[in-house]
Amino acid sequence: MTRGRWLLAASTLILIAGLAFVAAETWRAPLPAIVPPSAKEFDRALIARGGALADTGNCAGCHTASGGRALAGGRPLPTPFGTIHSTNITPDVETGIGAWSREAFVRAMREGIARDGTHLYPAFPYDHFTNATDRDLEAVYAYLLTRSAVSARAPANSLKWPLGFRPLIAGWNLLYLKKGPLADQPGQSAEWNRGRNLVEGLAHCSDCHSPRNAWGAEKREQAYDGAWIEGWYAPPLNAHSPAVRAWTADEVFAYLRTGLSSQHAAAAGPMAGVTQSLAKADDDDVRAMAVYVASLMAAAPSAHPNRRALDREDIADKEHPEGAMLFAGACAVCHAPGAPMMQQGRPPLSWGTALLVDAPHDTLHVIMEGLRPPAGRPGPAMPAFGDDFSDWQLAEIAAYLRARYTKNPPWPDLVKTVGELRRGGAP
Amino acid sequence: MITLTVNGKPHEVDADLDTPLLYVLRNDLALNGAKFGCGLGQCGACTVLVDGKPVFSCLVPLAALGRREVRTLEGLAADGKPAPVPAAFEAEQAAQCGYCIAGMIMRAQALLERNNRPTEAELRAHMAPNLCRCGTHMRILAAVRRAAVAMGGGVQP
Amino acid sequence: MTAPTRRHVLGGALVVAFSLARGAVAQHDDKGKLPVDLAKSPMLDSWIRIDASGKITVFTGKAELGQGLKTALIQVAADELAVAPESIDLVTADTALTPDEGVTAGSHSMQDSGTAILNAAANVRALLAEAAAWRFAMAADQVEMHDGAAHSLNGQSATYGELAASLDLHVEAKPNMPRRPKSTVIGQSLPRIDIPAKVSGGQAYVQDMRLPRMLHARVARGPSDGTRLKDQDLDVVRKLPGVERVVQEAGFLAILAEKEWHAVKALQHVQAIGWIRPGDSLPTADIREAIRQLPAEDVPIFAYPGPPAPADGTSVTARYSRPCLMHGSIGPSCAVALWENDGVTVWTHSQGVGPLRRSLSGLLKLPADKVRCIHVEGSGCYGHNGADDVAADAALAARAVPGRPVRLQWMREQEHGWEPLGSAMTVELQATLAGDGKVASWRHDVWSNGHNSRPQSGGGLLAGQELGMPKQRMRPIPMPEGGGSRNGNPIYALPNATGVFHFIEQAPVRVSALRGLGAQMNIFAIESFMDELAKAAGSDPVAFRLAHLQDERARDAIQTVVDRFGWAKRPRGTGGGGGNGRGCGFAFARYKNLAAYCAIALEITIDRDSGVIAVERVVASVDSGEAVNPDGIRNQIEGGIVQSLSWTVNEAVGFDTHHRTSFDWSAYPILRFPQAPKTVEVHVIDRPRQPFLGTGEASQGPASAALGNAVADALGVRVRDMPLSPDRLKGALGS
């Protein structure tokens, strides 16, 4: 990020110069505090709908600290600019959003302004939420205001100078915030438009799947080109999708809903949490999202007739005899043809994106950390192998998989990458 | 032939290098502690320590072991003295069928060697990879708490 | 005791022993009857033998399943024989050595075998006293037995070993033998004798057997019942590394190898061919709905008389259900078999060595005396799992290599895919509440597949079906034990009450006995419904039960929990209010209305957003009659509670139209440590000198019902369909 940091400093100076102008343009009034409405004031169906939408947006994903109460915030969100902590969005008056009127809530979602008039950091993806429909925002509001109030104050953020100075965000907003709601595209089906509204809005998919500029804003011209998130690579969801099997609407739907596509792979890393949340969302909404996401990938190579499952076992065995040995004893019990999981119609490794992309990180993460469905619920599971193997052995397994299930060039520097991942390093 | 260090002693083993450690322990070295439960890394019945870390021996091929030190339930007792964790399991009568117990003891051993003052939540999270179908959980937890005390610590509430 | 006087018995026994014919027992005492299993095998030496060194061997046809049976039976024998428990060797289920006591199931072991051994031991002690009296030349009642020896008042003594020579135990037991006046071993929480090996890596299980020249084997099948592998070229398989032998007979296929790993790898190769479902597809509907569409045979469960319910009473109805459940043994089923001299010996963890022998003799077309089945412990089974099937698999595989022992263990996915399931069930209840807040009528309807397909013939085993033998028919188990109807008869004093079991013979998926059979469902329904009725009547749930309950021991069990839990001072349920849920639930049942009494209260919290339940504390009471080993009883009740919570919250076997989809622990997640209750407390109510009451299945029903009641208390909505999963709870809350 050195280049980014330099850019940052320069731009900061320019910005400070224009601060007076910006402040005048963007100063926002606090909105009056309200007495939290009682649950009875909301329609039950509206609350339920808001709950489903909150799951569509995976609100709890960011707004729940590990081991903390749901939606009470406090989760550290590392950004290139420092660590920001998610806020408490339970209806606690002091520490949460209990005193927020509907108007204040909608303003926060559409413009990134807190009730007291301060600017929220764009780590809170209001640049997406702004696209949501009024109806959806109202439902989410009803849902959040009827949760149990939890008193919890988020720890202080630790941002690099001068980003602790919130009015700067006004400049960011001027440059990058395109206020919603999103207008429907004529000529597309209602379902597609609904899907687009959710994907570009509450579900904020491109937040992870699009690369960002030095200011941390999504590069619009490279939307869905794939990006890094928490040390994982979120693959492209557009014509550059490296998938070997077609991402049909049905497959996207199955994947989003269950965390598993029989034509691709199981969701892992940050996406696993997203699918676990989408499992609780509204069926029609997720289907609409699937229709839209599939359309983004309509021009990808995999949209053309499906290629057969690739298995270059002989070649890989020769190139990586150690890897072959380790695979046979540790991986084949689930992933070889004839393994119980494969008898259930699970996809072969050659169909997953992780082995196909240029970065080995996702593959290594999954091998080292495994997959864990939430307690007590069925779902794809895999043990963590991080403690079982040395760095070199893990690298050898990854190299073997790449050689056996893809025709792509070998990954470079695997051992080094394993070491970085062990130390918690992220690209 | 491959040399394997198990419970402090080297063993010559005649087995394919892709053989998971579990089968070698049970069949070639005649050690009963580690059990076959799933062979898939889902139940922990096969848990042993490799360089002090709990692993599913059903998924560790011999080729992966190198010089690393394997410890099984049989290796816990030193000089005929009963080891604290198995002794605690016996004292708490923490078994029904007992099939899961060897794996439970080994996983608990790994925790207590590293930290003999875990919190109750840490203890439960640490034991989560191991399954028991008899519902012996409460006694297993009690046994680990007892062992923690015996090892100079204690599980914190 | 109406039996003959002590002196009479002791005075005559040895003399008549040699000529005693079977009929003589009945003559001896008209009213006294031997306990059932002792009557079946009345010879004392079938149960107890003493050699010249004083070594005592006790025989039982029952098996240790991890329930602590061995320790408890030794305690019973030691107590009655007045010896230290250490001096007793116990031999368990072995068709060549022990009495045939059928299946170790239904919480019958202490009731049947325990009582038989108790009586046999009392007989033997009397004979020992008799022998000592002869030797000391004094009356038998001048002889005292303790510490493995007979002692006279004038200081003579003789050890049992010394007396053994003049003792003939090949005599029939007599009923109603008096017990020792004071128990010294019964009632003690002795440490279990099987545990030391289990915590030290000793040889404890059939899985641990290693016989000289033993081969390892795997059986090859489709992924679940109703499927089979596609045909393939077995010559390829024969040439795979390490494969010693491939055994194929009709649809049966097994692979034998020196090294277990080679057998496992070869199996994987064989499975890669793919599978088909040759028969009908499975129904698309939820299995509990699907079976209700099939023809049912109506079997009355009970009818309690009473006047018709008043017309102005309040009618309450409710419907409850459970999905198919899995036994889910942690260790997949395993057996070792050895063919020698045209016969076979099978080491098995089957619950019934006798019935297994009959089935194997049918399967292998051998006379029964050419088949020996020896019980060796396996992983806990909780009913009819793969134990019998794998014994047949091993026997068939071993037939191809006479003289070489074959150890065959199922793979995890085979246990998940092929074990017979606990049937899906539905219960509908209807009751009328009269103006006085009491039940004036009651109707119980239960729908279920059968609960017992334990093998009785070759066709009762999977391998038998693969050889084309006819499948066994399933029949309903008659009351008072009952199968799907088990515990369908409420213990409460209800007027005008009837129950009907709608037995559905045709089973789309393989089902059989799972711990408690129908009791878990029926108790869940009845005990949930009692709460619903109490609510309708405006009563406290416990008070409502007590108002309908006369059985004193039942009331005691309930009172114990009420006191220990602090029921009156319990935190009030949050009901429909906002915030996270907190609630308490209570339930009670007497297993089969014949065995142990068990009451349970528990407290839970529920995260409304996730629907996740945390069990804060559980308090239970149990009355198992005379408590032979109180800690053993606690262990079983505790285990039953935790297992039942797992069933109730987590579990449902999944299907698509072709097979079971619950193929491993990821697809069938059972309770793990973080989900376990914070505390479980079990209070044993001891009833010295009362009959032993089976305990092993007593807590399953009450635990699930108490949880259901606590959920209703916490959420203000009742969830009647198991599992009470987060999704169901959220669905019920509507948000």
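Labels A, B and C are assigned to the chains in the order they are written; within every chain, residues are numbered from 1.
Note that in this section a residue touches a chain if its C-beta (ideal position, glycine included) is under 8 Å from a C-beta of that chain, and two chains touch if they have at least 3 such contacts.
In this text the structure is predicted, and so the values were computed from the model without any measurement.
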| item | value |
| --- | --- |
| Touch-based graph of the chains, sorted into line, ring, star, complete or other | complete |
| A-C or B-C, whichever has more C-beta pairs in contact | B-C |
| Whole-Å gap between the CA centroids of chain A and chain B | 37 |
| Rounded Å distance, chain A centre to chain C centre (Cα mean) | 48 |
| Centre distance in Å when chain B and chain C are each reduced to the mean of their C-alpha atoms | 29 |
| Where chain C touches two or more other chains, by residue | 411-412, 664-666, 671-672, 674 |
| Multi-chain contact residues (two or more partners), chain B | 18-20, 39-40, 42, 128-129 |
| Set of chain A residues in contact with two or more other chains | 328, 333, 340, 375, 381 |
| Chain A-facing residues of chain C, complex | 223, 265, 267-275, 411-413, 578-580, 607-610, 612, 649-650, 654, 661-669, 671-672, 674-675, 725-727, 730, 734-735 |
| Interface residues, chain C side, partner chain B - complex | 65-68, 191-192, 194-196, 198-205, 207-208, 210, 216, 241, 259-262, 264, 327-332, 377-380, 382, 409, 411-412, 631, 635-636, 638-644, 646, 664-666, 670-674, 676-677, 679-680 |
| In the complex, chain B residues that touch chain C | 15-16, 18-20, 23, 26-27, 30-33, 35-40, 42-43, 45, 72-74, 77, 86, 89-90, 93, 95-102, 105, 123-125, 127-139, 141 |
| Chain A residues within the chain B interface of the complex | 67, 322, 325-326, 328-330, 333-334, 340, 370, 375, 381-383, 385, 387-390, 393 |
| Chain A contact footprint on chain B (complex, rising order) | 17-20, 39-42, 50, 53-56, 58-64, 66, 121, 128-129 |
